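Input: one structure, supplied below.
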Amino acid sequence: MLAAIGVGSLQEIFDRQIPGEVRLERPLALPEGMGEQDVYEHLRALAARNTSVEEELSFLGAGMYDHYVPALVDMLTERSEFLTPYTPYQPEISQGGLQVMFEYQTAISELTGLPVSNASVYEGPSAVAAAAYLAKLHNGRRRLVVSAGLHPHSLHTLRTYAHGYGMEVVEVPVTGAGARDGACVTDAEAWAQAIAAGAAETSAAIFAQPNFYGAVEDAAALGAAARAACEPGGEPVVIAQVDPITLGILASPGECGVDVAVGEGQALGNRLDFGGPSFGLFAAREQYLRRMPGRIAGETADVDGRRGFVLTLQTREQHIRREKATSNICTAQALNALAGVVYLSWLGRRGLVELGELLLARTHYARETLAALPGVEKLHGQPVVREFAVRLDADVPAVRRRCAQAGVNAGADLQALTGREQDRGGLLVAITERRSRADIDRLAEVLGAAVAAERAGEPTVLA
Amino acid sequence: MLAAIGVGSLQEIFDRQIPGEVRLERPLALPEGMGEQDVYEHLRALAARNTSVEEELSFLGAGMYDHYVPALVDMLTERSEFLTPYTPYQPEISQGGLQVMFEYQTAISELTGLPVSNASVYEGPSAVAAAAYLAKLHNGRRRLVVSAGLHPHSLHTLRTYAHGYGMEVVEVPVTGAGARDGACVTDAEAWAQAIAAGAAETSAAIFAQPNFYGAVEDAAALGAAARAACEPGGEPVVIAQVDPITLGILASPGECGVDVAVGEGQALGNRLDFGGPSFGLFAAREQYLRRMPGRIAGETADVDGRRGFVLTLQTREQHIRREKATSNICTAQALNALAGVVYLSWLGRRGLVELGELLLARTHYARETLAALPGVEKLHGQPVVREFAVRLDADVPAVRRRCAQAGVNAGADLQALTGREQDRGGLLVAITERRSRADIDRLAEVLGAAVAAERAGEPTVLA
Amino acid sequence: MSVSAETPLQRERARTIFQKGAPGRRAFVCPAVDVPAADAGELLPERFRRAREARLPEVSEPEIVRHYVGLSKRNFDLDSGFYPLGSCTRKHNPRLHERVAALPGHARLHPLQDPERAQGALELMWNLQQALAEISGLPHVCLQPSAGSHGELAGLLLTRAYHEDRGEVRHKVLAPDTSHGTNPATVTMAGFELVKLATGPDGGIDLDDLRAKADADVACLMLTNPNTLGLFDRDIVEIARTVHGAGATLYYDGANLNAVMGLSRPGDMGFDIVHFNLHKSFTQPHGGGGPGSGPIAVSDRIEPYLPVPRVLQSEDGAFTLEDDTGRAQSKSIGRLRGFQGNYGCFVRSYAYIRSLGADGLEDASRTAVLNANYLLARLRELGVAEQLPLAYGELCMHEFVLSGGPMKRELQIKTLDLAKRLLDFGFHPPTVYFPLLVEEALMVEPTETETRETLDAFAQALAEILREAAEDPEIARGAPYTTPVRRLDEVAAAKQPVIRERLD
Amino acid sequence: MSVSAETPLQRERARTIFQKGAPGRRAFVCPAVDVPAADAGELLPERFRRAREARLPEVSEPEIVRHYVGLSKRNFDLDSGFYPLGSCTRKHNPRLHERVAALPGHARLHPLQDPERAQGALELMWNLQQALAEISGLPHVCLQPSAGSHGELAGLLLTRAYHEDRGEVRHKVLAPDTSHGTNPATVTMAGFELVKLATGPDGGIDLDDLRAKADADVACLMLTNPNTLGLFDRDIVEIARTVHGAGATLYYDGANLNAVMGLSRPGDMGFDIVHFNLHKSFTQPHGGGGPGSGPIAVSDRIEPYLPVPRVLQSEDGAFTLEDDTGRAQSKSIGRLRGFQGNYGCFVRSYAYIRSLGADGLEDASRTAVLNANYLLARLRELGVAEQLPLAYGELCMHEFVLSGGPMKRELQIKTLDLAKRLLDFGFHPPTVYFPLLVEEALMVEPTETETRETLDAFAQALAEILREAAEDPEIARGAPYTTPVRRLDEVAAAKQPVIRERLD
């Protein structure tokens, strides 16, 4: 091969191109390579030092959930033809991937009740920031009014991005805790005021449904209030961060007057993977179509009249429009979105509703059961779908440790995530279809004992 | 659909065909059906009650071995296009499977040094019985002389089959145990005598290489002796049961004058699966081609001259020749054989040799290390490749139980498998490339302690 | 396609893995030798060593992946299209089964693991034994046989043992002329002599022929019911009476069990021995020709002879494996293979049975029969039945057999041509030229997992091919056109067999 | 193909999953409601409930499998053929990576698991951080960004934070006209203004232009090296000096790192911030357009601003995650997304780095460069270079850019036509029409995992297409012919966008 190139050595190719002063003249300080078997054993040993949801009874959620992923999702995502192509730049040999995007867009559009969906963005929290950027492109204003009910990661990500593209983030608190209706939801008055305060500059109004506390918000009212706070024609873009698995039973964003719906897609057929990769869903009303970020597949026909699909509206995208693009996103989450649409097909029209009802019933049961324990009370009385918050009259980290020793991961420490003083004592408990009534009863037993022991000041037994 | 058929109800279709007296008029007494998630959890719970080779340090072998299966084998065997077709009856849409068979046949032919291989039979022990049936078809005689060094399952299976097709099985013992060369191999004198005794009626002479005790036999000598015992022209078919993973370093059947080589293929890229499915390899000299059992792929061309493959010599087979077929086999082990040839391609020409040398070195080390323990001695001094036998001066089941409590499966209880009194105290230890020197040292430590404890009559501590 | 008539798959000529790669290339990296060096001659003396290297491929991982992925694209498969191969029950293979079979607790369990530490596996086998007993109506199950034909062999060896134990020598086995090839082949392999039974005008056993042949030399009658014509033999009770009256056993070839699960049981029909094809009725992926699994179920009188080892349950609920060394002491015919059978297949079929449950299995059979009859009706509606009439009967069970005789005479195309033309339409053809007694036979088994839309499309394709043939029979005779290779010369292949790659 | 010009895939017209199935069909069986019944209105009052059902598909599992397996066959993929898509580093994806990533200890680990019970995952991330630091020559790594462009955004936000912390306001970012689209797009998204730099005649940055534009308003220069022409910028040291002299940061777009692993390090070249595309240099399967992962590495002066959370190691060797709630107290720019990043990708790239080791990574880059230069030489040998000359330079690094200008003028076919005709030859075309400054550009990146045979075959195909075009340019202009669909009307698609299935 060197002769064909016309060089005397491979080194010559480098010597002729890389200046000596920036050549690395020593081997990289990395371990030596290993054969497949050794690498497998090493990675298996690392995996063995993690406690996965297979090895404990886990009620962790707070953004990612242990839903059952049907076997056909694995089978399809592992097929070379889906796993190893790249972005469908050559549509004639990418009809599979393109049609999947088109179907995904249809499914997300149906879920959200909004006419337009892209083919996914990175994941949930950055999708919120991307939606805010769309608002900026749409109306050019600089204020973002956002409910504190968003996932803290979404709030943080939004602030990070907004600082870059120069927008101000105004946070609206949630109402105080307490086992009553209307606790722990976006403070309606503060919401309206915050929007009205800088109405002419309010670009978007953002809330989560259900919110981070598991509480179902009055989404329609929040949207209406946001619009009412502004002059006609000067309404902000109403953005909702939604949980797709709840959309079989909760009113859709489209039904609630939302302009842009975003959300974390992991619950739809994606595994936990310690937090990623997953996908972010992004849907909107028609008028935002040409400002959407990311890939969009569109229908067309070939020269012989066959139906086909292409990446469309590419003039929004970085590779065509460069500094004028609506987003910088390039490599996204095609495979995860595939898992999403396959999962939704598997669930099916009725299945989505049935699953929602099951989650609703079990979550309700779990909340009532836990709230009946001494030292445990509801953090709020709003309806909940598959996650809820309670307040423990005991140190949450200590209680969680006790539960872990009994093989139960009792849920997420609210305050550790939000950093808010008002969330002290909060425990966020997620219920999926994998957690049976017996599992919930076991949680109650273990949590009850842990809270009691902690309140009694019993010493922790080390495992 | 019923209207199209012209019946009033589905039941009518059955009523008109199945006589009432043989209709089952009650539901089957089986549990109710379950959804995917529940079935998964049930099967996972069952799996959790098995101790796999992932959960203990296992030196079990005795016919099936924990070799590393490379990831690409799984990927390929899980592809729908390999996983879900059936026998390639329509060659034009089955070139993938047919070419795989052709490649498999080539690989097995190379491994065994014999020109002809079929596309696999069920598995190892029944392959021996199939080879004996080939001998019967070939020379019409009725005596099978077989070394007691065969795997006991092979001996049993051969007896079962032979009783059916009317052949007599004459077993030749192995030489007595003892840490010397020549122990535990087929008794050469008895072998020659047994063959000579009924020479005119001896259809086949069968031995294993290495034999069940792990001992490398003098294969060339056994073959030569078998032939020498008979009149010229009246030689028996010399059949060897081989272990394919050893064939990178052991003289091939072809080199040893063997007529038919059979063997268990599991070690080649197939998982343990509690004993199956795997595949049986079956190779022979040219003259046996038209008496081979099972599928054989052959090369040909299509009408446009393109190279292609078909099932060939089908006049041997049951679907064409019916009662005159050379075998009754139909559904066989195509997918397992695919795993086999992919594994051999992965291993490659040099890899097969290197792996053989590694096994040889580690097995030697393991044998010497164990034999140095008090109360443990070599069962024989013959060369061994990846399995060897020792004799314990203690109750084997009890020692094995003690080891198991320490997380080590010390190997197979020889006598429990052969049922032979002379094998009392025998332990058969398998070493694969997954068992490192550290693993072997750990075995020595645990086994040494267990033997010592057992000899000292220490009580067993229950885990 | 004006430019080149060849598809990319046609353009790419077959090269085997042995023709790829280059010296020195490899995928495997051998773990380091971590034990003290020893003298090579001491480890393995020269005379035991291989002289000439096996010329295995020398290829890298990317090359292996491309090669076999490429080959896979030259296969048609069930996940890609309709596969109505009669007698083979090509029903959908749920993907859950692959997932559970791959769990390390199943897939990486050594067959000689001590029973105490393999309780999950043994319980699974026990449960499967119980379920198969209930489905077949025969109480004793042995899971060991590797496939249907292996089960048949077991069945005839059991028959032999049964008769021998009673001091009888019987050397004949009866089987109808419609029987599957494995039946007669097994008869010979088990040391018996085949006696063929004629088929009556209704497609069932000719009872007179049976009565004439069922003499004291007959050890067994092997039967499929519904038979390979897709017809349930209405005389089954009389057949059983006749066979038993002659002192012979009645063997049930379970390949067609998919028609009658939960509806009619071989045991209740009078059969003594049955084999199951787990890969058919209980949905194993067929793997391009295996693996399969062929458990057997038997009546009380046959039970003592069953192969070893079966799974037993002891008083305390624990599961064990029968001892298989002390063969001499029992009446068992012994082993038919190594270890316990194709456990990996048991896992899948057990998952299937638990997924469907009692109702689901019955539903599966009902729908299989419905689909077959619907397809038959559609073919009638479309006029296909004129050239391709049903060979016997009016209705069918889970499959049906058409005769291509009229088509051959009227349209000058053979069943083979029709089958090959179907390939261009993206369908796997039915089983062809079987059973033998039907002229130009086409045996169609749609299974219950196909949709009505698929059945309609298949019927349309057949109609279209016949229409096309009426205009120009050469189209079908020259088919297929779009497959990776076109019609292959099978005669040349058999005449001068080339069955491995020539190297160097 | 005399009968029908259509292949089976062409014949089968596209129908979406929404157009399949039938009312009532389904795959999912919902687990039973096992808790006491509660009042529906109490659980969720009517006003919160959905009024109109989402019209998801109604299909059975077999239908879903067929549908998506069928769609998969309408994709070209890396496991099936050569995919020399320039700038995308389409190297082989070892199958081991999928196996280890699927281990439950990785795949089913919840992102909020307590660090004490996720030590394996954190150690893996820590090790990966260390390895990436060593490879880039920049000591501080944050794994969080989701892809390259996300890493770019992080880089510019870090730059902003760095300047702000020093009390400076800088609003311009420089990037060469050869830069990838994500660079300028990120500039805008991060609130900066783009200033383009010209490319000099040698294909590197025009130093005069740089010197003229590197003023006190410049926050950063974003560079790829080797650049998108496949050329290593020989002035890199001078560039770094100029940029740093102006007080700006130097950002390394790591998309082309595959050329220099173990050979030259961005940190040593003077870069302050680099992003990695794990999916390129460190082999993630591209998934049809993701997932990817875009970790960043930075110098000491940028470190204080890194996103949270990173993995830290404490005294006792245990691994923890940085606290990410107390943002106010730190200088961190904050979070860029949820949780810790695309851990599933980390597992694969870590497995890759451990498989190859130091030598192997260097070897990979060496071979990537060798393969690119060999292919270039083959194209010269075959005369292809006359119509498709190298745009800049003589040799190249891991990829090269050809100009289709002469081809367009002499043969009357465009780069697009050439690309489409390559599809009929079974190759994925190179990247086309990028970089923008090359007329009719073709950007070819073979990668190190391709064999010489494949490179030869690709060169032959290009030569053949040019030969064909010289005879009849219509062939290429009408291509492709054999793909499931032929050339598609992209203009119509954008004019009247139909971006979802119409239902009912």
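For reference, chains read A, B, C and D in written order, and residue numbers begin at 1 within each chain.
The working rule: a residue touches a chain if its C-beta (ideal position, glycine included) is under 8 Å from a C-beta of that chain, and two chains touch if they have at least 3 such contacts.
If you're wondering where the values come from, they're calculated on a predicted model, not measured in any experiment.
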item	value
More contacts between chains, B-D or B-C	B-C
Farthest-lying chain, centroid of Cα atoms versus that of chain A	B
Centroid spacing, where centroids are CA-atom means, of chain B and chain C in whole angstrom	21
Distance between chain centroids, defined by C-alpha means - chain A, chain B (Å)	50
Whole-Å separation of chain centres (CA-atom averages), chain A against chain C	47
Interface hub residues of chain D, defined as touching at least two other chains	28, 30-31, 61, 65, 69, 73, 79-80, 94-96, 98-99, 452, 478
In chain B, residues with contacts to at least two other chains	33-37, 40, 70-72, 74-75, 78-80, 433
Of all residues in chain A, those that touch chain B in their complex	36-37, 40, 68, 70-71, 75, 78-80, 433-434
Chain C residues within the chain D interface of the complex	1-8, 11-12, 20, 22, 60-63, 65-66, 69-70, 73, 79-81, 92, 94-95, 424-426, 449-453, 475, 478-479, 481-482
Chain C contact footprint on chain A (complex, rising order)	33-38, 70-72, 74-75, 80
Residue ranges of chain C touching chain A (in the complex, touch as defined)	28-31, 65, 69, 94-99
